[in-house]
Amino acid sequence: MNSFNSLHYHLHTDLALEARDLVRGATGREISGVSEEQQTFPHCSVTIIKIMDENAEKVMGKPRGTYITIEAPELKFKSPDVQQSVADVLAQHLKNLLQLTGQETVLIIGLGNWQATPDALGPSVVQNTLITRHLFQHMPEAVENYQSVCALAPGVLGITGIETAEIIRGVVEKVQPNVIIAIDALAAANISRLGTTIQIGDSGITPGSGVSNKRAEISYQTMGVPVIAIGVPTVVNAALIAKTTLETYFAKFSQGKQHPVYIQETITDVFEPFHGSLIVTPREIDDLIQNAGRTINTGITMAIHQKVPQEELQALI
Amino acid sequence: MNSFNSLHYHLHTDLALEARDLVRGATGREISGVSEEQQTFPHCSVTIIKIMDENAEKVMGKPRGTYITIEAPELKFKSPDVQQSVADVLAQHLKNLLQLTGQETVLIIGLGNWQATPDALGPSVVQNTLITRHLFQHMPEAVENYQSVCALAPGVLGITGIETAEIIRGVVEKVQPNVIIAIDALAAANISRLGTTIQIGDSGITPGSGVSNKRAEISYQTMGVPVIAIGVPTVVNAALIAKTTLETYFAKFSQGKQHPVYIQETITDVFEPFHGSLIVTPREIDDLIQNAGRTINTGITMAIHQKVPQEELQALI
Amino acid sequence: MNSFNSLHYHLHTDLALEARDLVRGATGREISGVSEEQQTFPHCSVTIIKIMDENAEKVMGKPRGTYITIEAPELKFKSPDVQQSVADVLAQHLKNLLQLTGQETVLIIGLGNWQATPDALGPSVVQNTLITRHLFQHMPEAVENYQSVCALAPGVLGITGIETAEIIRGVVEKVQPNVIIAIDALAAANISRLGTTIQIGDSGITPGSGVSNKRAEISYQTMGVPVIAIGVPTVVNAALIAKTTLETYFAKFSQGKQHPVYIQETITDVFEPFHGSLIVTPREIDDLIQNAGRTINTGITMAIHQKVPQEELQALI
Amino acid sequence: MNSFNSLHYHLHTDLALEARDLVRGATGREISGVSEEQQTFPHCSVTIIKIMDENAEKVMGKPRGTYITIEAPELKFKSPDVQQSVADVLAQHLKNLLQLTGQETVLIIGLGNWQATPDALGPSVVQNTLITRHLFQHMPEAVENYQSVCALAPGVLGITGIETAEIIRGVVEKVQPNVIIAIDALAAANISRLGTTIQIGDSGITPGSGVSNKRAEISYQTMGVPVIAIGVPTVVNAALIAKTTLETYFAKFSQGKQHPVYIQETITDVFEPFHGSLIVTPREIDDLIQNAGRTINTGITMAIHQKVPQEELQALI
């Protein structure tokens, strides 16, 4: 996940669309070096933002490139029709970016940790991708008309001890793909984007970004082939929730709503749409459940079976 | 999970210890009808709160009874020694509450949803509990000295369509246990409690509490046998984070720190200890990942294999 | 799973269709008290076997009733079209058995253990079923036209210590459903049926069957409402593989093929269709992986970090 | 998993100890070029087999090298004491093979597929390994005294489309480890070895072996650094069960036990120790459960909610 591991405490969004709003919110006018285009489709709208010069890079906090954002609020509900419709729009934009002739090899990278639910989007996509590259040698007739596709879920730095970009670079040198598609779970600033926004970018991706770290970048510069990044926000940094809340309150305050009663109004404004279903939890929730569960199990077992020697019990828990 | 499903939007804690702090914070003095005792152990401290009359019930928002809270900040790190030490303290208090003679049947109930990670504590404990009841008939020699223990993970209302208490009552009438131990993931007000606090209570538990709903209660009144509840906070309601933040800021503000710059100071105060590892995410994060993953997979497949007929591809995804 | 836990070692099939073949194979003629009907559909064929009298019950080793077997070899490949087509046939037969008017409550029971992959079919269906019963009270407008459906995955005897039928009976008395649909993973005799055969029966089901155990039966007799059982074979008892192999060899032998060389021919005959993808493994494969993994991890860590004190390492593994 | 994917149908064991027994069984005498040593420990015995020349390689079907086999039948039961005791023996042999001075980097490779239970041993070990390499740069004080360890779970050919050895070679060139430890689930010939035998080898490993494929080998020859392989049998090829059974029967037969009644005796001889807990199932059991579950869910939903339009239902399932 992009901004998950950042050690510096910062209020970050992985979405160019949100970065634009943040900058505009502060300055109140168009951003120099940033262009923008809107498209509307039955179940989604698309915004194409281009960051075109160094100044725009700095202001937006994102590298130069094209950022295509698909907003599809209906993705919140599981509907095959909406999924197919949004997939069609995604496919169309990918086709334009990929420009495949049929002879290329595509390497799909699933970033993230398959055992931490909010971070498992990339590995989950890889697990279900239609893989063909290994069949071209052994069963070429089965893949006639198909493109050569391979995939890797390299894991995260905390699990591997190796920069993810280093792993990918090693594999790229062996496989020699023509293009990389990297899938990652993103952090958004706005909770309404969780699961409903898809960002496609052509400027690469930095796992654990926020911290500037050129070595960690997965991009044309570091890989030698085009990198298309596809991401979906699955989390909001808890601190951003705090910031949003304070700013909402501050806006009220500056309108003369200075009484603490507006605290409740602020919270209602921010969270009402989610019916209390948003939770704050540590990233390591799986470990937390396992540790707490083991402690409780041990305690219960010791308390209940008092006549059984402790060592015998410990061997059974 | 206790306060997860509440439809009313409310700022709730499942911990009696936090309820006491909230009440005290507002009134600034001891609470009538509430007694309190402190104990200290090598790796944890214990607070025993007794809610003794109707007035205390109302003020605290919890039914009459004893609430034993074990605070063990070191549980955050996975240490077998700390786990065993805390389990010993837990076992000691459970023994006092259970008062078993060796002849009783204990029914362990794992509340929550095994497929929603933050809500899976109860089912996870049940999955690993030492179960003996079925052996007393078929292999009595194997369970000599053991207590009769059985267990159930009944699921949650959204999955079963049946009030959890209704399921348990049905099973209790068949199994006729002498005591119930119910395990549940809790919601706390304070993020530092996630995974580090264990609450033991003798007044029962209401899944999806907050909403007053007598039918849903799992207690001596509804089950006819004592109910010991054991819980660990795994989530904080995202709105509570907002409220905590606003209150922290408001305190600064009332000290004359009125400039927006204190927004950042506030956020640092609240989140610093967690190094940005706290995330806000919907409860339905597993579904979100699955839906988003499927949409992206479809889009990628359509974009890459352009020469393959769409219907053939759709059958393969 | 039906015949998983049987303590007596026996060569068992949960499928009436296979039982018929076994009996016929031995006697070579029609079975008295057993009727049979065939239907053919685009992607599947259906055989309806009726066991009509006590003699037939004994010979077939199954209680009186109707057994509808859907055979759909294409289910082996993941094809939404085939799945929908088979689901339509299943739906049609279920409609006939259920005879719903719209006012009934249906209780769906997912038998099996959600943490043992080959045994997780029932819980997996329950996890994804459309549940409506709880909405009739709180959101009746959302479920207009819908039937009232609730569900339970009660677990298995080894996890709960309670006979599964006991749990269900308790819940049935509370919920008062008009009909029960019980889903279970089955054991087949023939490996080609794994995942490709669906059996629907109206005579109930006995978890851990094979052993005669009236208390454990989930049927009209024990529940007081009709019980429709739906099952899919996910495993073959390893001993049945041995038996099939020996019989195949014995048939060759009786044709004069007495040389050990026919051992290889026999194995090829039995396993060729599966390209070596069939494995023999203990039911407790998840536990096996966990235990072996922990032992190896400990060994590796001790071997690698030789300068770190053992106790410090043990706390980290 | 070593011999899982083999396309040629063959009766294979990944264990040198079993290969020796098979060869000896056929020839009845010591094998030239193969040495052997025995050790005994409280909870396990160790056999060290050395394959020393080309002839021995051919006869044994394994490359030259040392194969250390730890047999610990008690690993079947979950006992922390036994696990620690076996881990100690494993650690001692690993130390001898690794000969670390403290300055080396160790790369741990978890072979296999994390989403196919019987094949998940390698990824499961990687997920829980103590990883330190990334800390040497950022938090060197935290890893004083520790060895530099990194890890990768590269996936399997069917998921990645890339030869696993190719992926590892790419990563090795970037990380430049001094030694590789590769963990894999193995296939045994003898069912009693499932989960109870650990093999350590210094001659490398070939995922999907059996098929001779030099490119796929993970060894000193292909990686340029020593490769220690650690494996545990988790499956037996179903065909091997058939073969074992036939041979057992054939032995009886040659002693004059020619009647079919000895079929049952044979099966009892082979399977008795496992109490019917051994199952035959396809490797793709997870997919099987998912596909069958979806089909049944669709059928049930269609059958129950007859008044709801089909399209509305299909969008909900």
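As written, the chains take the letters A, B, C and D, and residue 1 is the first residue of each chain.
Methods note: a residue touches a chain if its C-beta (ideal position, glycine included) is under 8 Å from a C-beta of that chain, and two chains touch if they have at least 3 such contacts.
Chain-to-protein mapping (UniProt): A, B, C, D = Germination protease.
Treat the numbers as computed from the prediction; the structure is a model and nothing was measured.
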Chain separated most widely from chain C (Germination protease), comparing mean CA positions: A
Chain B (Germination protease) onto chain C (Germination protease), rotation angle from CA fit, given as a multiple of 5 degrees: 180
Copy pair chain A (Germination protease), chain D (Germination protease): interface residue numbering same or different (half cut): same
Chain centre separation (chain A (Germination protease), chain D (Germination protease); CA means) in Å: 34
Averaged-CA centre spacing for the pair chain B (Germination protease) and chain A (Germination protease), given as whole angstrom: 28
Inter-chain centre distance, chain B (Germination protease) versus chain D (Germination protease) - centres from mean C-alpha coordinates, in Å: 39
Contacts with 2+ other chains: residues of chain B (Germination protease): 78, 149, 316
Contacting residues of chain B (Germination protease) [partner chain C (Germination protease), same complex]: 78-81, 114-115, 126-127, 131-135, 148-155, 157-163, 166-167, 169-175, 314-316
Contact footprint of chain A (Germination protease) on chain B (Germination protease) as seen in their complex: 4, 6-11, 75, 78, 83-84, 86-92, 94-95, 98, 100, 102, 106, 108, 117-118, 120-121, 124-125, 128-130, 145-147, 149, 181, 183, 185, 187, 191, 194-195, 198, 230, 232, 234-243, 245-247, 249-250, 260, 263, 266-268, 270-272, 274-308, 313, 316-317
